[in-house]
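Naming follows writing order (A, B and C), and every chain is counted from residue 1.
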Amino acid sequence: MKLYLKIWRQKDAKSKGAMVDYTLDGVEEDMSFLEMLDILNEDLIAKGEEPVEFDHDCREGICGTCSLMINGRPHGPDSLITACQLHMRSFNDGDEIVIEPWRAKAFPVIKDLITDRSAFDRIQQAGGYISVNTSGRPVDANAIPIEKEHADDSFNAATCIGCGACVAACKNASAMLFTSAKVSQFALLPQGQVEAAERVQNMVRQMDLEGFGNCTNTGACEVECPKGISLENIARMNREYLSATLKG
Amino acid sequence: MGILNSKVPSGPLADKWTKHKNEIDLVNPANKRNIDIIVVGTGLAGGSAAATLAELGYNVKTFCYQDSPRRAHSIAAQGGVNAAKNYQGDGDSVYRLFYDTIKGGDYRSREANVYRLAEVSTNIIDQCVAQGVPFAREYGGLLDNRSFGGVLVSRTFYAKGQTGQQLLLGAYAAMNRQIQRGKIKSYTRHEMLDLVLVDGKARGIIARNLVTGEIERHSAHAVVIASGGYGNLFYLSTYCMGANVMAAWRTHKKGAFFANPCYTQIHPTCIPVSGDHQSKLTLMSESLRNDGRIWVPKKLEDAQAIREGRLKPTELAEEDRDYYLERRYPAFGNLVPRDVASRAAKERCDAGFGVNKTGEAVYLDFDSAIMRYGREKAMTSGMKDPDDKTIRELGEKIVEAKYGNLFQMYEKIVDENPYKTPMKIYPAVHYTMGGLWVDYNLQTTIPGCYAAGEANFSDHGANRLGASALMQGLADGYFVLPYTIGDYLSDDIRTGPIPTDSPEFDAAENDVRERIKKLMSGSGIHTVDYYHKKLGKIMWNKCGMSRNAKELEEAMEEIAALRKDFWENVKVPGTPDSKNQELEKAGRVADFLELGELFAKDALHRNESCGGHFREEYQTEEGEALRDDENFKYVAAWEYAGEPKDAKLHKEDLEYENIKVKTRSYK
Amino acid sequence: MSLIKSSLARKYVMALSGLFLVIFLILHVTINLASVFSPEFFNEASHFMGYNPLVQFLMQPILIAGVIVHFVMGFVLEIQNRKARDVGYVKYNGAANAPWASRNMIYSGLVVLAFLALHFYDFWVHEMTYKYIEANPQDPTRYYAETVEKFAPVWRTVLYAVSFVLLGLHLWHGFASSFQSMGVNNKYTAGFKKFAKIFAVVVPLAFAFIAVYHHLNPITH
């Protein structure tokens, strides 16, 4: 099939970018979206132009590296997948496809479609862990039985891949779904209770410092999340934060 | 051969590790504050090592090419992590895990290392649960287990199909805690381009900031290489796109021996190749073989009809199907080890029974599992005489609960519903057992340079069992390396900070700059991917699932020629002093083009079949691998000597004092 | 302190002030409905509200403060949220993942705010003038007639009705989402949310009905 691509090109963080039009022929249905971009890049290199830089790594939907806004939606039109799992059979011959980087003040563009998501790392560093030393002797893993329901909910929250689609989708560029997923994972486990109050306060503080927007409960993040992380996690974080703050 | 001292402690096998820990030198906590360690790679091994070293008090610098440590490819491991917990009470023990791993590795791994691995495996589970890793649990609240290939017990802990992700996020969280404390400095989007030796000791690295293109010098008292495996040599593999051998290969070129490069794991259950444009292959977890049955049509004409789309697999009668694994290996059936399952699939497809367009796929069928679970569920919910449709619906729900995310992934990629029609699978490159040679302390042949996880050759011998990679990465990082490294560093407490303005750093940086310049000055005829794909084809066709001397010799020549062509004609656009993904790829492919040749040389010299290394000349009448313990019961460690073909062989003899070396049989 | 500064605190403030205004709406719609069914009761209730010192000097200022807090915070959030995406998308398909009402709270809110200005002018300013500036004597029977009179012009009735539609949209998202903001998440949540949606339809509809009813049923002298 033949496609008309509009792609954001930006030399580096300091430069001003712009949309550039490309026409790409010979795209096959069973190619992945990123393989389609590979072909475009091979063409561009052959023509002596600079290829389009985009973040990608595992290409199986788990590393969270790929981060493309495709026709106004993070990771494109399909649900519960990342851009690398999107296949060209979701498009038709002659389609126009607009490809942009994630847009958020907290995710500045590095080059073309690549953004800097280190804000997410810093939120995790602020408290996304349970303070247990390897060198210590932890108790036997089966010493604390955990109700299956809690274990499953905790797992579901923990499946967040940190891709940033929630921020990209949110009209406010809010990072609540990302932050609340980690808060929830630990809040649901007995191991995580000890530091729960401190954790939620520190992580929210860092989230605010990074310049993400406020949550207005539109629910766009949940719809676009490739791992289907639930809005319930945000409610849980709101509750955890309120009770942590009221307790002082 | 005097150099290859594996430093395995003396004494009974079960006491070696404890004894060793008691005897090695330690660094006191106050002195640890004055010691810097560089960790390259932040996957399970690197991440867990960095976190633990920082906890102990060392100053750690971590380097990863990804934009966050959390994205290392350990994250993609699906199935699980083994541990000899014996929670299921099915007779598991440290010894049994040790035995299974040695046997699974086809008696080509180091006994003491494997025993230690089995011994610390239980600590891994305790540690990870304490960190909040949400493993799957039973209704009683206790941890659940499942079974993996090549073993007869249930010892695999898992978190749905995302075990690697959860374990990596655990290590990443442990790292974050140390980053927050200021004990780890994390350098993301950085790539190690060379190792710096001062007085013969590893004292730092040269790294490139992938965003700005700056070449940076970083010094330390020790360097840990945890940069993963080199399966991307094959171009198409289940590795992530960025996976590379650069850190390990640069270390090799600086003097570290590279062990058993030809031991590659070809995983039996991957989604088959769909076309020339393909950039990567996707694995379907081995756990699927717990419930999926592998088959091809019995008759050639049926296979042909299926390939041409005239016949649907579901239309084929039970008696016309060949469940070849169950037929050939009745004891283990579909749960034979990976190398055996992969070769069996290749054998059937080569014989013309393949079931996709290219004839390179077999079926993985869940129909009987769906019906079995469905009947069970119907019984337990007290249904009387449920019809097939009801049973199927119930069964599909149970299969969905177990493997839902994998099925969804399959459907997204292939556009077929695996609940209704059997999955198509084919083997793909998945893991490399070979790697930097290390002693019992995980130190390479360069003093002060360590290797952990998939980057070392260590514990898996010639074939790795499922759910053992996560175990080994975390064992090395959390429980082994942080202690053994102290033995070396205890001599460095008075050294003080290592300066980066020494002639050695100057020279290393200069080399790196020259290399980049050379990469960018090719005549510009072909792209990097062109060469990578060509290399991949040579590797897959001549160094893949089965190998023979003639083709391996050809491969060595072809790779050398391709390498020459690459350096003359590669086209790298852009500039070196900015973000430049083509330049990044070029550097990685350049190294693959050297390693590939050594790989073929290693495969050529090993005149036997063992584990993932199958030489057509050495097989039984039934087509099973034929090992030669008399001549090849050793680790082949290669010393760099200019061209890869000139690499010098060193042998580490493998001694088995606690295990009887037998012919591996899963029949 | 962190409770005031953090983004979550701003959510709590929005949610709580919003919930407070919802409670006020219940009271308001109840009394107003009386104007349709029982002019006498409507007069009595209005007179009570107009002259009871507790209502006038405690509840009314609190209500005004609630409105101010809600809209000021709404603006603050909107400004911050716009800043959080300094470079916008060329193509942004917001409709694909979130309902219109949730994405346009600022607009539905602005319409309601503009409506409030009109409404204040119509009733509150009138009351204040009547009671304090002109210092007229108390007349407990005037309210019904005054109210019906207001809806004589078509333009006002239409403006009111349209504003109520926007109020409905604002409530449709706002009421239900205030539970989410306050972290309510238990077995009753689904029920709460359903109630909130029904409320968001029924209450504005009732208001609109009252306006239209009075327009169609003027007092004939």
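Here is the rule we go by: a contact is a pair of C-beta atoms (placed from the backbone, for glycine too) under 8 Å apart; a residue touches a chain by one contact, two chains touch by 3 or more.
Given the structure is predicted, the values throughout are model-derived calculations rather than measurements.
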Query = If you average the Cα atoms of each chain, whose average lands nearest the overall Cα average?
reply = A
Message = Measuring between Cα centroids, which chain is at the maximum distance from chain B?
response = C
Inquiry  = Quick check: how many Å separate the C-alpha centres of chain A and chain B?
reply    = 26
Ask   = Using CA atom averages as chain centres, what separation in Å is found between chain A and chain C?
value = 37
Ask   = How many Å are there between the centre of chain B and the centre of chain C, using C-alpha atoms for each centre?
value = 62
List of chain B residues in touch with chain A within their complex = 48, 51-52, 55-56, 66-71, 73, 75-76, 85, 87, 125-143, 159-160, 162, 165-166, 169, 172-174, 176-177, 179-180, 186, 188, 211, 238, 240-242, 274-275, 277-280, 282-283, 408-409, 412-413, 415, 478-479, 482, 527, 529, 571, 573-574, 578-579, 581-582
Inquiry  = Could you list, by residue number, the parts of chain C that touch chain A in their complex?
reply    = 2-3, 5-12, 77, 80-81, 83-94, 96-99, 102-103, 105, 173, 177, 179-185, 189
Query = Which chain A residues qualify as touching chain C in the complex?
reply = 6, 8, 19, 69, 71-73, 77, 98, 100, 103-106, 109, 169, 171-174, 201, 204-205, 207-208, 211-220, 223-224, 231-232, 234-242, 245-246
Ask   = Okay, in this complex, where on chain A does chain B touch?
value = 11-12, 28, 30-32, 34-35, 38-39, 42, 45-46, 48-51, 53, 55-65, 78, 80-81, 85, 87, 89, 110-111, 114, 116-118, 120-121, 124-135, 138-142, 144-148, 151-152, 154-155, 158-159, 161-162, 185-186, 189, 191-192
